[in-house]
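Shared between the two complexes below is chain A, which pairs with chain B and chain C, respectively.
Here is the complex of A and B:
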């Protein structure tokens, strides 16, 4: 039956839990496109044969292949679109700099899309709230205080606070820091927010 | 569930599937029995037991009984049934409908084709004579099972739920998950953790995977 490879792509994405991005299956995509090309050419030749010889019994076969073409198209478009949704989620959950491991999972075009999305988001954020702009990726949960207690989960190094002093983030050290500086690091798993 | 990933939802319960929904694509891959009303030349390679040989142009003969995926059946079907006619899978027929009306809760809907409701709703496209009964049966089955799903999803906190979801179809599992999420969010709020900034679940999952990647 046709469209098996396309279904494999869809299943691969469906299996990845929690919105994770698996590696870009370039090979699989190429195979689907090859199958589509073969189907199209077979249909072309059958259509020409129908026109020239006047047989009408090839029409169900042509329709069969056409349905398979449409199905392949649907699977690839859904595959690519769902990956974009996952990549978009990365900007909101990881921040604007992605770790290398993730970047290798994206194709060049997806990377370009991610950069354009970042730019659009940045432009939009700058247009809000007067001169300074407003960072809407901050404060995802309603803040209760300006400063928060954090514990370091891994060695990160020097970290500079607004008034110029710097803090050494070593594993298991605890600090009392401004919320807006730490939020990114907490989301990335470097720091841990301690509730008192 | 990753907070910022909003996948395309299934539209199978409505009039049309959603083109971009991965769930709908998987659902429409399930097979149903059909009967060909005309020979289909040159496709014999797919149905080797039934196909003709080179003389008939390697055709699938008229009147063959095949199992085709829903997407293909939908594409080849038309009102005049020129290419194929569709039969109902067993679980949507009279016999099973009676079972569902007796007690819907005992049936293992996951085994009966994991997309029972979605597939059943899309079957209505084929304008069969039993459509009204099928749609009633789908509705009543869901009504019969819903209470238990809602109850168990709202009361199973921090425990292994595999026994509870084993006999649910995909749509019901989605409902169960939504219920669980509501319960977990509420408990989190009650504990005062609603204002605690947490590492995103996406980040945590990538960290766990990093070790397996390095091993390759």
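Here is the complex of A and C:
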């Protein structure tokens, strides 16, 4: 049946839980585009046939193929757009540098879209006033206290705190650090907020 | 809250209206704008004066903190206050960006058809961001899929494909200024149009479309 492959693309994303980005299904996309080309060519020849011979019995088939073409396009654009939304969420979750595992799941064009989005967002944030603007990807939760207790989950190395002193973030070490400095690292999974 | 007694906000159009707000009033304005933006289904009027003034306020507070003695208890409290204000401002701006991205064709169309003198829902920087987002997405879709499709299918009208904000969704509000004779349209065919008065201080659950202009004027506050 027509549009099977396109439906598969949509189903693939529907199955992936929110926030997860499966690998880019280049093959699937190519197959859908090929099906569309075939359908269109068949329609072209039928339309010419109808025009030249005056037959009207081909018209339902032409209409049906046209509907399939529209459906294919709709599924394809939905697939691509939903992936863009997930990639956008990655910028807000992980920051400007994406983990390698995720980067492998993105196509080159998606990477380009991501870079353009990043740049756009950075320009906007810088324009918010002051010297460097305001980084609105920070402060995602209402602050409860100035300093928080954190445990280090991975070896990270030296980490500089406001007054110039630096802290060595080694796995399993615990620290009492300013909340705003830790936010990014907590989201990346390097630190863990200890709630007593 | 800080040592600054007065604050000067200026009309973003360069009109010579000068509004003097105390820091407390400024923060109240910010919180009102923040709550309205959070609960309204559509992108509300942009408030660049509030954003600018709050940024200046934060800078002043940071300056003061830098000059203050470290062990002073006031320092922690002011620092905390700064964090809270920064959170509210960031949350407000994030909410706006999310709506801009979600409804980008509609937001841009609304701006294009806006008459001179009507307030804009987008600051100049937000407008640039929205345009870039649209161009980025359109180019991506064209290069990856659309240009490989049959010629009569290559154009996708994003204005029709992307859903509009649902202005019929219900919102909670508190009335700040008494309103009379608000026309409410019925949900079902059995009810006719009816008219209500909104008493000051009362709270209601009502369809957003009915009271949208009151949110813009500040007569009601979304909660």
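Brief remarks follow.
Simple rule for what comes next: the second predicted complex is superposed on the first by the 194 of 196 C-alpha atoms of A that agree within 3 Å, B and C clash if a C-alpha of one lies under 4 Å from a C-alpha of the other, contacts with A are read in each partner's own complex, and residues count from 1 in each chain.
Please note the rule applied: a residue touches a chain if its C-beta (ideal position, glycine included) is under 8 Å from a C-beta of that chain, and two chains touch if they have at least 3 such contacts.
Because the structure is predicted, anything quoted here is derived from the model rather than measured.
After overlaying the two complexes on the shared chain, residue contacts for A:71 are found with chain B alone; chain C is out of touch.
When the shared chain is aligned, no partner comes close enough to touch A:171: not chain B, not chain C. Once the two complexes are laid over each other on the shared chain, residue contacts for A:120 go to chain C alone; chain B is not touched.
In the superposition on chain A, A:103 makes contact with neither chain B nor chain C. In the superposition on chain A, contact is made by A:138 with chain C only, not with chain B.
Of the two partner chains placed around the shared chain by superposition, chain B and chain C are both touched by A:81. Once the two structures are superposed, chain B and chain C can be ranked by residues of chain A touched, with B on top. When the two complexes are overlaid on their common chain A, residue A:195 makes contact with chain B while staying clear of chain C. Of the two partner chains, neither chain B nor chain C is touched by A:154. Residues 70, 77, 81, 88, 140-143 of chain A contact both chain B in one complex and chain C in the other. Interface of chain A with chain C (complex): residues 29, 33, 36-37, 40, 69-70, 73, 76-77, 80-81, 84, 88, 107, 109-110, 112-113, 116-117, 120-121, 123-124, 127-130, 134, 136, 138-143, 145-146, 179-180.
Interface residues of chain B, counted against chain A in their complex, comprise 1-8, 19-23, 25-26, 29, 38-43, 46, 69, 71-72, 75-76, 82-83, 192-207, 209-210, 213. Of all the residues in chain C, the ones that touch chain A in their complex are 51-52, 55-56, 58-59, 76, 79-80, 83-84, 86-87, 89-91, 93-94, 97, 101, 125-126, 128-129, 132-133, 136-137, 140-141, 143-146, 148-150, 153, 156, 161.
Listing the residues of chain A that touch chain B in their complex gives 1, 7, 10-11, 13-14, 17-20, 46, 57-58, 60-61, 63-64, 66-68, 70-71, 74-75, 77-78, 81-82, 85-86, 88-94, 99, 101-102, 140-144, 148, 182-183, 186-189, 192-193, 195.
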